[in-house]
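These are the structures, in structure tokens.
Each of the next two complexes has chain A plus one other chain: chain B in the first, chain C in the second.
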Partner chain A sequence: MAAVTLERLTKRYDRAPRAALDELSLAVADGEFLVLLGPSGCGKTTALRCVAGLEEPTAGTIRIGAREVTRLAPGARDVAMVFQNYALYPHLAVRHNLSFALEMRRVPRPEITRRVADVAARLGLTELLDRRPGELSGGQRQRVALGRAMVRNPAVFLLDEPLSNLDAQLRGELRAELLALHRSLGATMLYVTHDQVEAMTMGERIAVLHEGRLRQVGAPRDVYERPADTFVARFIGSPGMNIFDAARADGGRGVLIGGSLTVETDVTVDGAFQVGVRPEHVALRARGRGAGQGEGQVRIVEPLGAETLVHLDVGTTRLVARMRGLRAPAVGDRVGVRIDAGDLHVFDGRGVRRA
Partner chain B sequence: MRPQLAWRLLAAIAGTGAVTLPIAAARLATARAEDSLSERVAYAVAGYVALVTPAAPGRPGYEPRQLLVTARGLRTLPGWSAPVDVYAVRTPLLAAGGPGLPSATWRDLQRLESPVRLGAGTLVPLKDREAWDVVGAAWVGRRSAPRDRRPVWTGLAVALAALGGVWAVGRGRGLRRVTMATFAAAALVHGGMCAAVVRGAAAWSGDRALRDIRTLIGDAPARLPVVRSRVPLAQLARVVQGTGVTLAEADSAQGTMIRRVETARGPRAVAPIRLGRRRWLSATMVPLEARQGGWTLAALGLALVGVVGVAVAGWGAVAAASPRRLGEIVTAWAFLGPAALHLVVFSFGPMLFAAWLSLHEWDLLDPVRRFVGLRNFAAAAADPLAWVSLRNTLLYTLYVPVTMMLALGVALVLQHHGGLTRLARTVFFMPYVASVVAVALVWQWMLSPDFGLVNWVLGAVGVPAVDWLGDPHTALLAVMVISTWVQLGYQTTIFVAGLQNIPQVYHDAARVDGANAWQRFWRVTLPLLRPVTLFVLVTGVIGSFQVFTYIYVLTDGGPLHATDVIVYRIYQTAWEFLQFGHASALALALFVILLGVTWVQFRLLGRRVEYG
Partner chain C sequence: MADRLLRWMGRVLVGLLGLSMVAPFLYMLSTSLMDEFEVLRFPPALWPGHPRPGNYQAALTALPFARFFLNSLVFAGSVAVAQVATSATAAYALARLRFPGRERVFFTVLTVMMVPTIVLLIPRFLLVNALGWVDSYAGLISTEVVSVWGIFLLRQFFQTLPRDLEDAARLDGAGEWTVFRRIILPLTRPALATLFVFAFVDQWKNFLWPLIVTRSLDMQVMELGIASFHGVYYTNWPYQMAAAVAGVLPLLLLFLVAQRAFVRGIQLSGLR
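Right after this comes the complex of A and B.
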């Protein structure tokens, strides 16, 4: 068990227009489950591979515990990695996939046997020990990949999108299993994903990366409720936050959205600014009932079962509202739209959070 | 309904073919047997005339009156049945007043000295007594072989069976199977019967020729211009020149029957000839029925062509019901056809022929291939040279794993130096695409004991000159080194491709697992490369077992058989010693050995590898 500290970690590839990683500084606490989240190409896998030692950073330092490992070989870092495609050795039976790393480290034979049996029992792989990876299902391979990491008892687990190759149902099951495993092992885990649902449900903290830069680190709830910028606001949540170019309403108090919707608020920003609101904070009323702040016309309705997404044209802009259940206005209806001032996120002209 | 009719029509045509084609083949073969009889007897007549007619004094040719007497005498020979004539230059002597030889025919006779078909018979050149100039011609008319009616009955049976086949076109699969089986059986019997007719006609033709020759030889001594008590055999042999018959003295009479005897060189037909009270000769020839294998195959094959035709028609009628499938099948065969044909003609055909030949004795010249059972194999097993060549081949094969190690090493180096790869690969690959003979000749010069590059370099560092290819201790090694040099680039290329095919992620996983470069190579790279290794090993070993050109060009199997390998042994046995049966047995043994070696290699290395 150990903390992982990245300081101004930078990775540049030859002939690439921008750095894959740009001065990433991040501290992962001992025993923490930290999720690196971002769209593809954001540098999250590069960061993970740098920690593993598979990529050599251009600049910056990596510490695992008190030890600086920036230039150490992967095998000397006491990290284990689970790859996106699992990378199970196709020519070796499950038993030998599990024992490979221990054999490389010249762990005594009886000790290997004991640890492999132990891990196999924990992951329900005992029956599969003599099969080859080609004879396993996706979920089983995933477990073997995890087992291969566990059997070494490493200081840090590095997981590179380990669930992305599984179907939705299996992914849900394994998410829960992985969390249970983390609790029981108490190990430090760095988990890379592009799936914000995975990040929200699994991470103790989430680090959001975009174009090689760290945008925000925080607990899932913080990241969701107080996104540091418009990128994070849009990226987290499904659908993401509605963001509008806003103007001050006539009379000074409040902001005008899409030229027709006014939200009264005390928050003011000098110059151009943007406001955002989560879809679930947009309230729709049938026209003429209760006091609306503005009006919109229904463009698309997406019934999802427990909730329904309603896409609206409001003045010159568009927004998405989330309604509970399946009751919703019909396409083309005009409805009243209301947003509480407390649910409004305000960003400055560069997209950085103000309030 | 109409397409069905078309398919039935096709089936009917094929059925008709099954009846008529074998009969036609039998007819053709019979006609050829009849012509061959005329030709043999014509040669015998020419020989007989030359033997018994005195030469014209002072000029080439025969004394005209005596020639006429000889010619007339032919017709009164006891038991003589052939229409016959003798031409003095271009004038017929017996058909007096008949047309002379056309000048074109006469020119052909003089120039080519080969038989010519003329009228209903065969004309052969008549030479003077010294067998020098063509001074006339002997003509023998065609006699008909006894007609054999049996194919008519089998043909009827086939026709009935074919009717059944035509009827079954477009009907159920089971029905078609039964009718086709009946039809095929009838056709085979019919083909066999036609083949029997062919053999009968051939036997008749051969025996008839022997009888006529016996008549001529029996008559000749009494008519010789110079009377002698005991005519030398060599003189009488003039009669059988060009007839395929050999004469020999015989001890005693075995009756007058023409016998079939089995000799060391195959079956022979022997006719005893009585020359006076104490003297017997034997006229021997290869029985013609023993040489009708081709016609037998043709008769059976033609019978089956009809069967195939009806089967295709039946299949076509079914397939026509689903045109798309028909189209697919036709397309598939159009693509497969050329390759399949090539495979059959140049691979399977020769293989089967070699297998057949291995059970026979054949020297390429003798038209008869005598069946000897497994004797060729026994001889091969007992031949110490065969074992020497096997040992040399096995030693030579060792160059394959050695080259593979080198090639894998080079490939691993190239893999990590991308820019170098292309140039290096080209350089290494060049020997592989160069002409084998050119490579061999260049190496022959390099390895030359007196002015070779290798010895020059070695001499520079004080190593005494070695006759690499001339010393039994080094010759095989030298050939192996050359082979390594040639194969290295090819194998490297394959290994580079194989290495590039291994996903990087396995190396990453192994690095994280703490494997060092050496461990990664042994535990990850090599196992994942196994399909490639197997391919290189199997093709390499098969190739090494078939090595020939380097040996042929560089050492001729020498010195002292030090480089005598199996294929070279096969080559020498066949083309230098003309023992094709023996060579085929060796080739078959090589085939079995290769099959075994390859099977073992697959068992050892052939487990499948999947990249996750």
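Right after this comes the complex of A and C.
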């Protein structure tokens, strides 16, 4: 077990217009489950591969525990990785997939047999030890990939979108299993995903990356409730936060959204600014009840079962509201829209959080 | 109705094509059993009046064919093994290892593919002669151990293998050589088998190089033995065909055993 410290880690590929990874500094605590989250091409996998030693960083340092490993060979770093497509050795039986790393490290035979049996029992793979990866289901392959990492008892686990090739139900199950595993192993885990549901449910902390830069690190709740900028606000949440170009309301305290919706608030920002509101904080009322601060017309209704997403045109802008249950206005209805000042997120002209 | 007609026409066409390929082989077989003069009769006889299996014994004992057969086996077998070894290592380096000028090296290798073998015949002989290897196995084998086609074939194959496998092995603590030997090579077995079979067949049929580089009867190969029935003024056709049938048999056998490797080789490379 060990902490992982990245200092100003930078990776530039030849001929690429911008750095794949731009001065990423990040400290992962010993035993922590940290999720690297971002859209594809944000640099999260590059960061992981740098820690693994599969990519050589252009600049910056990587420390595992007290040891600097920046230029060390992958096999010498005491890290194990689970690949997105599992990368199981297709010509070897599960047993030998699991034992390969131990053989490479010249662990004595009896010890190998014991550890393989141990991990197999733990992951429910005992029956499958003599099968080849091609004869396994997706979920089983995923377990073997995990087992291959576990059997080495590494200081750090690196997981690169390990659940993305599974169907939704299996993904849900394995999410829980992975968390239980993390708890029982107490190992440091760096987990890369583009799926913010995985990030929210699994991460003790989430590091959000965009275009090679770290945008925010924090507990899932912090990242959700106080996004550091408009990118994080939009990316986290399903759907993400509604963000609008806003203007000061005429002759008073408050902001004007879409030219028609006024929210009273004390917040003042100089120059151009943006405001955001989570879909669940947009309240819709039947028209004529007088409670709305503005009015909108329903454009699309998405019933999801436990909740319904309602897309609205409000003045010159659009927003999404989340309502509980399946009762919702019909397409084309005009409804009153209400947003509490306390639910408003304010960002400056460059998209950085102000309040 | 039109469908069935089309299918039948297709079958007839394939049948005719097949017949045109098999016919020379069958005629060789038939000739090998004929009387010396029956071959030259006009109109030609398609089948011997009195089949003479004795032609085989006579032909194969007229010259030391057992020795020729052994020589061919050693020559083709060694070259095939050597080509697999050199192609696999070179192709892996060209497909996967990072070193400056890699693409240029590969391009150069490809360029060599464009040079006709015949152009290299004399330089090769001079080299072998200078080394004192004329009329020896070393002379026969040494200039054939590298196959540009083999390098190309395997490089294409290596590039289809997922890189993650190598990365996983590196993380597991394997060095480059171990990655190659324990992960890459076992996964490349079909392509290696294909290369082996093609290389073996190529060298078994090789006539020109053995003709140039061997002198004594002891070093000659099957192809040369078969050809020696062909004189300037006189050719014993039945004997030559009998020897040819004997020479083709190992290839037929190899083809039956390794049919899948042949087909895969054609699919893999798009060449041939």
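Miscellaneous remarks
One rule holds for everything that comes next: the second predicted complex is superposed on the first by the 354 of 355 C-alpha atoms of A that agree within 3 Å, B and C clash if a C-alpha of one lies under 4 Å from a C-alpha of the other, contacts with A are read in each partner's own complex, and residues count from 1 in each chain.
Note that a contact is a pair of C-beta atoms (placed from the backbone, for glycine too) under 8 Å apart; a residue touches a chain by one contact, two chains touch by 3 or more.
The structure presented is a predicted model; accordingly, all values stated were derived computationally and were not measured.
Aligning the two structures on chain A places chain B and chain C in clashing positions.
By the touch criterion defined above, A:126 reaches neither chain B nor chain C.
Using the contact criterion defined above for the overlaid structures, shared-chain residue A:297 touches neither chain B nor chain C, since it reaches no partner.
Of the two partner chains placed around the shared chain by superposition, neither chain B nor chain C is touched by A:316. Touch criterion met: A:101 reaches chain B and chain C at once.
Of the two partner chains placed by superposition, A:25 touches none, neither chain B nor chain C.
In the superposed pair of complexes, A:134 makes contact with chain B only, with no contact to chain C.
Across the two superposed structures, the residue set of chain A contacted by chain B and also by chain C is 52-54, 73-76, 79-81, 83, 85, 87-91, 100-101, 104-105, 148, 152. Looking at the complex, you find that chain C touches chain A at residues 162, 164-165, 167-175, 178, 182-183, 186-187. Only residues 503, 505-506, 508-516, 519, 523-524, 527-528, 530, 608-612 of chain B touch chain A when the two sit together in their complex. The part of chain A that touches chain B in the complex is made up of residues 52-54, 73-76, 79-81, 83, 85-92, 100-101, 104-105, 132-134, 141, 148, 152.
Against chain C, the residues of chain A that register as touching in their complex are 52-54, 73-76, 79-81, 83-85, 87-91, 100-101, 104-105, 148, 152.
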